Amino acid sequence: MYEELKRAVCEANIELQTHKLVIYSWGNVSGIDHAAGIVAIKPSGVPYDELTPDKMVLLELDGNIVEGNLRPSSDTPSHLELYRNFKTVGGICHTHSVNAAMWAQANREIPCLGTTHADFFYGPIPITETMTAEEIKTNYELNTGKVIVRRFAGMDPLQMPAVLVANHGPFTWGKTPADAVEAAVVLEQVAAMALGAIMINPKLKKIEQVLLDKHYLRKHGKNAYYGQK
Amino acid sequence: MYEELKRAVCEANIELQTHKLVIYSWGNVSGIDHAAGIVAIKPSGVPYDELTPDKMVLLELDGNIVEGNLRPSSDTPSHLELYRNFKTVGGICHTHSVNAAMWAQANREIPCLGTTHADFFYGPIPITETMTAEEIKTNYELNTGKVIVRRFAGMDPLQMPAVLVANHGPFTWGKTPADAVEAAVVLEQVAAMALGAIMINPKLKKIEQVLLDKHYLRKHGKNAYYGQK
Amino acid sequence: MYEELKRAVCEANIELQTHKLVIYSWGNVSGIDHAAGIVAIKPSGVPYDELTPDKMVLLELDGNIVEGNLRPSSDTPSHLELYRNFKTVGGICHTHSVNAAMWAQANREIPCLGTTHADFFYGPIPITETMTAEEIKTNYELNTGKVIVRRFAGMDPLQMPAVLVANHGPFTWGKTPADAVEAAVVLEQVAAMALGAIMINPKLKKIEQVLLDKHYLRKHGKNAYYGQK
Amino acid sequence: MYEELKRAVCEANIELQTHKLVIYSWGNVSGIDHAAGIVAIKPSGVPYDELTPDKMVLLELDGNIVEGNLRPSSDTPSHLELYRNFKTVGGICHTHSVNAAMWAQANREIPCLGTTHADFFYGPIPITETMTAEEIKTNYELNTGKVIVRRFAGMDPLQMPAVLVANHGPFTWGKTPADAVEAAVVLEQVAAMALGAIMINPKLKKIEQVLLDKHYLRKHGKNAYYGQK
């Protein structure tokens, strides 16, 4: 069951390696069938070259494992917390991609400095609060999800499909697992461009709202006019 | 019709991916038959691996589509505006290549800091003015072309086959679509070298005009002595 | 004899090239059979493409060559000194990987700025003292080992499987030759992330001990819960 | 005639592309038979994929072409000037490799900041004087050679097989064309490491002479003990 979901999640995980966002078994992608309340996620610590759809682990939203002989990603509680709160999100991705991780480690949001950023992300890439000792000691991965959800209060996660967890790295998401990976790839480019830009011009300010609106909305929403549909 | 033009434009687009200037379906290259007034351009949002000459879209200079089942690149109005004004230009390329985009996002021209730059670009890589809210809101892509043309008043576009659109990224061009892509590749190298150079020596000045003249003119113009012809 | 040891050491050396940590014949990996007191190490100056298990050199811990027609790596005395003092270490790796070497050359330890670092290294990556003229002039490679051992007084080398030799580059290690190479690969990522992070935020401080504990201990030690075992 | 020389020069040129030091037809390598006074060099503007030994151009030291249907590299007069003055040099290489060019464009010598540098280069990588307007306007390539030779007064070119031409890029050399390319590859790594190191620690000083001596002399000269001979 859920063969298509497992296949899509497996393929999206393998894309992480293809796009050089991960080494070894780092990173993970999940997908959800919201109607059924079933999540598929990469198993923990398995190298990408060994991933096949049948190795994906199926869980319910409360963490109960429905299918799979392998342990799910240790980050599973973060994914589940996001799915419980982001009802429009169909896929989630977590990596330690180098450029995005630089910003996460620097505890800085990535300001919107250009149209590459604006084409995909409707504002600065937010950074979470630093987690408290209590949040870290107990239910750390669940609390990682909670700190992200807290940061997104009042925000539409599909308009901002990325977050930097402070001191850690990015989570990205989208309507599908493949979209979540695309957001991770684009975020990595945006993070690299932003670092270079502030080195060239340390006093650089974010772009004007009108330019952000133009680029984001020409690719997203009911007035989009990019692509073939 | 225009088979050779479509083939040249298709090949030049694929070169963007070969040279790692683009990911996904980002970027676009066009070419023109000035005598016929016909432009060929990449379709919008189609991945590079799926590009074939017959998918190129043919348009007249006023934007009227002559041939093609796919929508042309959303940046088509920028290309057309450049062709209407740069009569010697036969191919145009637009990317968000990372190093050039850093400078565009930083709102800084790339000063001519060395002979790699001088071999191809006869002066600093210009940056456009920031576009006004009005220019952005209505006919944005057309106005992107206009702001480039305005920046090139009094300049020979074949002597400076590149521009940085402020907050955005580079457009490059040349006598052919292939030349436009070559300019994009060289610009990316030049942008990387310039960033490193100003980090090593923040007080660095542009090279002397005599050195710029020597390198540019040994490769271009009637006294060139580089290569085999 | 020691076929398995030689095979493991040969494979680990080749991994250095696969992961782009070395060029030409730079770098070296060794492994030890502690029970037998036998070390296998890469021969000196042999390109990676020509490495085969039978070319590995076998030595006793005092440097006496037991098997092999080729001269062992010129860094062999450093390896032997580490094995004599780090009884839990089964493999050692030395490279001049670019990002780690930047920190070594800068004479700076790599502070623990994020969870990628904390997942593998239980604290800042230490840097050795600068070696004295006497230590350099006589028995340089042996003294390189000694200055590392001195830096690790009171430390568990398996909790900190990496060091930066000042002005030089990294040594890494682990339970096996493969683990030593993995530590070198991760160190290179960590070094790159740390450089970017301090460029974005020059006042950046190390992460809290509680976060370091959480990430290191969820992957290492008796309460680890990452992976499949 | 000179088949072996042409083959060695052709192979060394192709190595430039393999090691990603060049794009398009940039860069050039030459070799010399000092006894015969014959130099072989890459033809001008020919892509690397099209290079074959028979396309190499043979010249005498005064620039007289002995064999070859193609025009020699436009940098040929620089190479010849170096061969006329550096009698121990058997191969010369010129590239615009990105990291080395950053330092050349910054008009800064590369200080010796670590042992990777010291293993190959016996001191800081020197930078030439800025060329005068007269030197640039007339016989520019010959004068490029002269400004290098002037910079090396009293120096042994085999102990320092690299130079940065100010505002331009590196020339490297060695006993053979292959050695000249190896120096170019190592220089590129050294340039990258040095840039990172001064960004981490802007007050960084060069390494002590004793460490430079140790590393350089363990690989070069009569007391060398690296490798298999």
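What to note about this one:
Should a chain be cited, it is by its letter among A, B, C and D, assigned in written order, with residues numbered from 1 in that chain.
In this section, contacts are C-beta pairs under 8 Å (C-beta built on N, C-alpha and C of every residue); 3 or more make two chains touch, one makes a residue touch a chain.
The structure displayed is predicted, hence computed values, not measured ones.
In terms of the stated touch criterion, the partners common to subunit B and subunit C are A, D, listed by label. When you average the Cα atoms of each chain and compare centres, the chain farthest from subunit B turns out to be C. Counting every residue number used by either copy at the subunit A-subunit C contact, under half are found in both chains. Fitting subunit C to subunit D on Cα positions gives a rotation angle of 90°, stated in steps of 5. For the pair subunit B and subunit D, the distance between C-alpha centroids works out to 33 Å. Averaging Cα coordinates per chain places subunit A and subunit D 46 Å apart. Shared contact sites, meaning residues of subunit A that touch two or more other chains, fall at 198-199. If you sketch which chains touch which, the chains form one closed loop in which each chain touches exactly two neighbours. Screening every pair of chains for touch gives A-B, A-C, B-D, C-D. Taken in their complex, subunit A has these residues touching subunit B: 19, 113-116, 182, 185-186, 189, 192-194, 196-201, 204, 207-208, 210-211, 214, 218, 225-228. On the subunit C side of its complex with subunit D, the touching residues are 23-25, 43-46, 70-71, 74, 96, 98-99, 101-108, 130-131, 133, 136-137, 140, 167-169, 195, 198-199.
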